[in-house]
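You will see two complexes here that share chain A, one where it goes with chain B and one where it goes with chain C.
For the complex of A and B:
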């Protein structure tokens, strides 16, 4: 990675002066006020690794009869799309019947599905061209879990303006970053990747170090103190309008300080990890130089045309996801994989069409038997192909030892799609949970819920496990099809 | 002086030629983004068709070296998907593959691959993808189970009440019978395109993507198995490995292609040898005679 993005001194130590250069970003982030103390709690107060949440959402719906088993119960031979996950069969929990049935205003089929996908909002649409939906499950989780990590959440992949899956609030979509270099820089700007030593972090002396160590750069702190003192003196001489502006400035300054404090504490703990890291090896990220030449935009075009490039890209993004969770850079990641506009020659080995969007439409109908079977089989092949890479990612998570448990054990991973089928469907989504979520999910099964059970019920379950539970989420309590008091019974 | 030719076409206007199916010449390229979807050999020349953006691309050569290329506006609804030779003329098949139930299929006709007549709208909701010609009849198969027959390739009559689940991917004619193939080893024969005899099912996942008539048998090549039959009724299943997804046959040699840019050759359609590879995807292969005194 480029040195220009390094804020620290190479040892994982971040200087206050360096952090101030990033203050503009810091001010814009949520959770600043309450960040530092929860982080200290995470560093010392919780024994063992934390629970992470990741969502991998593939494009274009799926072929349901090849995604789920004919009936619920213990998993035997997996359906063909999920078969690459056979090695992890006991870590899988297939959920069927989950649906979005909210209303939609002024949206095309893809937008409708994209807005509802992770928000479960009762109503989605556009007003004056601006989207509205509701906070998405990943962002709701990040509001809590994100207090304790370098980044609250990461949203990455190939989704576009039509399908902004993540919403920070009703009308604020969270942008997805497609360029793996940008993601890596964002994750490790000013710090170096290190495997957390969760055992040692659980010991109180590290937490104490996080709370009480002196700031890393007394000079910078003195500058901030001097600015604050001058501002207070100035305040007494201002009228009310200017005082308000000054107060806003001071608020921003305070927020920056809080973030700096939090990062300093975090980096002090990570500096100890550098000397005494956790037992696993860091995921080795090698981003091919061609992904940036002449620009990522150019490479993105290649991804759409060439499944070999597409495969390379998904693997890199999956590695970044694993690395983000492994290094506790964030505990919430959403990865959008695949592209409706992509071509899949070689992946599709039947018929004569390889364009995903064409296949999605031709491969769907009012009933599967009325669809074009060649296109439907092609869609099945595409989704089995996606699952191969997802399975590779699961294998990596499963192979990472976090000191007696694996990263997969400590992750709640949702594998899904933003449409239930290629015909812009919202009924009976593909929903596969992978990982036992620290023993809070009983896996190795398929559970069939009644048709049109709100997908939001699943999000409630996920949020509760992330410590962000509430009385409801999305349309879990308001849907005409509400069920189980907004919950999903039997997951544990 | 005529000579045998195998041709492979694909992405970025890729064209490759071989005389024996094993030794291939240097790849020739067209414009970036141009996809040649299909090729045919007849009347002593090679013809390849495809698309670039929403336009139709048509190219032909009598020697495999110098090519005449033309472009027709397709309007993002008139995609050209296949070209076939009926022994006398080249037939271009197209329509809008993305429009569900409104493909507006058509046929183009040419003697030389340079001057084209049409499009002749052939009716129906769905594309006809492949045609076989024999005994004065054309039989076509296409999307969502479409099966149709014609005496002139312009006026078509559809088989009524077809089921999408019985969609055929490819069709060939030989020994007085037409045989179509499809998913899960489906084989289905007809004598006249109107009345279809009992379909034969194969094994799950053994999709048959290509069928050719070698002069004495049908050879249907699929994922994991090759099916052989002299009459389209009795079949022998032979496991295959590394089978290509698209196949042609000429003078006892099978040539096929699979992702990415791989060319394979076989003597029997069962055992395949990798013979060449290029860095662009090959969409189709075709074979015949090139030169002045054979068609």
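For the complex of A and C:
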């Protein structure tokens, strides 16, 4: 665990910056740029828009020969699954050969892949029915990039107990929210969506505003004070093991307080944005009322049966992702799209089977030539369908002007899947980076890495760009297949 | 420096822990031999251990299960003192199970276990297990502070404020991690920072419902404000009286006066701003709904009066234990009144009558929909994915009916107070028209679940005839005898096989039947993964049970054959028992009726206590089973004995808790 502390403790760097800026200004953290991001600075963007990271992961069963090109180099005609992204060809960076090869205890095939997916952990499993893996790349990024935003990160979409992709720590999965309404509420409770004016925010006036305006709603604060007093009084009457449980509660109260602090500081800055917003138009979110009637749970069943509902759902979730980044509600989003147990009549136009999970298995074999070709084509169709919505989302990001650069320019977007094939595979994952990540990625290419190069190496590269870098991540330095000293050469 | 100090402390604590365990073991032995209540007295057990058992262990077992090798994490050489060795119930239970099954020692062991030694060993274990432990010295086990589960929260808020459940379902609190068995196990009910945020949000939404336009809202406000201001009753007096009554219900015990004062500040502040009475009362709701006294089930730590190992909980605590066990929600008015009068802890007849009343109440459906459903792993149905191509008759409606069948069956056991042994076999089933047609049962119409009399030719009856169980233990396009066998061992017999070694057979098990792969029959294929030594030990136990269920396809329908070959339904258990088909399997299970019932008792006790059972709970489980045997294992008798048991009624006293 101790090697994880580097994500939580950057005091050394902060001190250096404090000295550069003069202590007085640096104290007005956390909504000033308090982190030296080498890449962001290289791009000349300290005062400009920050770098964001998003992961869109689709369910298993993709068909890799239709996902990547036969060889690396500049991108020509795109492989069929990625073809909807043709308009953004120069923003794409296809990476091949990346794999997870860690050990697994007491897990089924979906769990094995689900736990390793974003953690790259050297060992995953269950103890007493509870999952363990390692911190996931999104949560590691959020520990640093999340300090400056209203929410540290957002995890959304369809996952299940077999696929808890995000882990806050070794044994603490971060729950995914499936209901778009809940996500919207969570993002904009107590604040209204507004486009940040990054140019103005870079100037010091905002910091002044942050310190002078009065706090917003003292009610929640006094509620917190009251229950804290109650919990403390109660503590003495409990036995020592119960006290430990109550201490969790007290810790959670502190975290809520921090959130209120953030909300207040954030509102002061956003009040200025309301008067003088950034140049782009806000993403217009219209959540169809049927998604909440009678409950989202009900709609979720429909998603599994009806591809049109499924499409509406993915579109809304993608819009929420764009809105979250545009409004700087968070800088780290993970979206899990699709579902293994969904049916795809109409999307799948070959054969008689529409059940995705069955197709994944039938369309997969030790070698593609041995698989059922009809089921494999069906899987290809499903994944080409996913990419259509992903491409729409990329187009939106590309259309948002943040004052001289687009939101896509300021984003590092990973498009991938939790299984490398329909047979619970973990070798040679689909991995596509989209966006130039403020000039730190050279796009328009495919790079082929040797088979079994750890996927964790990619996560190391992403974390460094998010200012959360360190010597290693997951099994990047410990995998039996470790390579390139835990890095991926040639991305920039 | 600090780190070193911490390590030292930990070491010392470990030693103290070990010491106190010794002391505990001694007290336990006093219980076993000093004040035996009925059953085997067992005074000669330590002596027999030294003379008879230890030599056998040394000959046949210690080679692998000694201090040096500890295979399977098991050393049979524990404490030197034979009296302490007797108390290692968990160890002896494992030994008994493995030796009885013929699984240990393995066939290729260096020294075989002579038949006479085997008998001596098992006879001694059987006596050691049967030695009674007096209630007075029984350890109630660790009590764990429990947060309300998601379901408990929704039901409790619904009852506390008379809000319609459908609206509350939309609060979207996070699902609880079910851990190994039940989602209400205190140890897994953690409270992440985001969870508390959700409670914050939920409290705001609940306040909006109470003060909204729903048809129930007026009633909800009456719950919050049972006392209104009147000409002779000033507003603040009404607020205080309302608060006292509301907190009694929200905290599940009479509130402290200081607590009332602390909360009235919220009322006063709103009044000072000129808010009307109702609005000022609204400000009280949020601090109450996120209070630890509401979100957690708090029980007070108390010293033992006489150095005893347990203290009885008070009436309010017992009322909450009862209501969350039987109803999954807060106590109602009747139960609270009994608690106020001190009846629950003082009057066994009143307690029994109250348990019976509660069992008959509709709220006790949670025993079926939550307890039983989690016990039989019904949520696996959510991810059951029978392929549409191979099982075109299976669809979402059937899937839902299969789930409801399980609920209806367990609710029938409760409402009609049936013997719980009917989970093994019975002459009825529950189905609606659609499901009955799917099962091939005639004469049922309508979408409602109904009880159907069935005969042997219907091939249903009991848990193993239920589509939900059969479909959720299958792969998408074929059955899985391994999953089914494991299910029976785990869910019905309470002896789950250990997990397979890491990564073995995990990824290839499911490989589709492609070209060049159909050279073997299904059973030969299964035999492959049961042939290597490392797998065979468990699969010899698991697979014969699963094959007995091969008449049911991967979507739970009956079949006489597969597409191209007849079914192969027979198998031999490690004990030598032959099983043939579902009827044969039911015969085997009926012969182990006591084990099946004891497992159900253990699961119910676990659910009632919100913690995993330990070896020390075994005498309690056994006793509950024996007592309920007198009432033919009727549902209510098991529930009543759980309620009467030491761990349900008591806590460990101050200073006896074990820090985990």
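Points to keep in mind about this one:
Please note the rule applied: the second predicted complex is superposed on the first by the 394 of 492 C-alpha atoms of A that agree within 3 Å, B and C clash if a C-alpha of one lies under 4 Å from a C-alpha of the other, contacts with A are read in each partner's own complex, and residues count from 1 in each chain.
Note that in this section a contact is a pair of C-beta atoms (placed from the backbone, for glycine too) under 8 Å apart; a residue touches a chain by one contact, two chains touch by 3 or more.
Just so you know, these numbers come straight off a predicted model, no measurement behind them.
Of the two partner chains placed by the overlay, neither chain B nor chain C lies in contact with A:311. After overlaying the two complexes on the shared chain, residue contacts for A:357 are found with chain B and with chain C alike. Contacts of A:245 after superposition: chain C is touched, whereas chain B is not reached.
Within the superposed three-chain model, A:296 lies in touch with chain C and out of touch with chain B [touch as defined at top].
In the superposition on chain A, A:107 contacts chain C only, with no contact to chain B.
By the touch criterion defined above, A:259 lies against chain C but remains apart from chain B after alignment on the C-alpha atoms of chain A.
Considering which of chain B and chain C touches more of chain A, the answer is C. In the superposition on chain A, A:372 makes contact with both chain B and chain C. Judged by the touch definition given at the top, the superposed model places A:477 against neither chain B nor chain C.
Contacts of A:274 after superposition on the shared chain: neither chain B nor chain C is touched.
In the superposition on chain A, the residues of chain A contacting both chain B and chain C are 305, 351-353, 355, 357-358, 361-362, 365, 370-372. Residues of chain A that touch chain C in their complex: 103-109, 112, 125, 128-130, 160-162, 168, 172, 174-175, 177, 179, 182, 185-186, 189, 219-220, 222-223, 226-227, 229-231, 233-234, 237-242, 244-246, 248-249, 251-253, 255-256, 259, 292, 294-297, 301, 305, 340-341, 343, 351-355, 357-358, 361-362, 364-366, 370-372, 423-425.
Contact residues on chain A toward chain B in their complex (touch as defined above): 305-308, 345-347, 349-353, 355, 357-358, 361-362, 365, 369-375, 377. Interface residues of chain C facing chain A in the complex, by the touch rule stated above, are 142-145, 147, 166, 169-170, 172, 174-175, 177-181, 186, 188, 190-197, 200-201, 258-259, 262-263, 265-266, 269, 283, 286-287, 290-293, 295-296, 298-301, 382-383, 385, 387-389, 396, 476-477, 499-500, 502-503, 506-507, 510-512, 514-516, 652, 654, 657-660.
For chain B in complex with chain A, the residues that touch the partner chain are 11, 37, 81-82, 97-98, 100, 126, 129, 143-144, 163-165, 167, 169, 182-183, 207, 209, 223, 245, 258-260, 281, 283.
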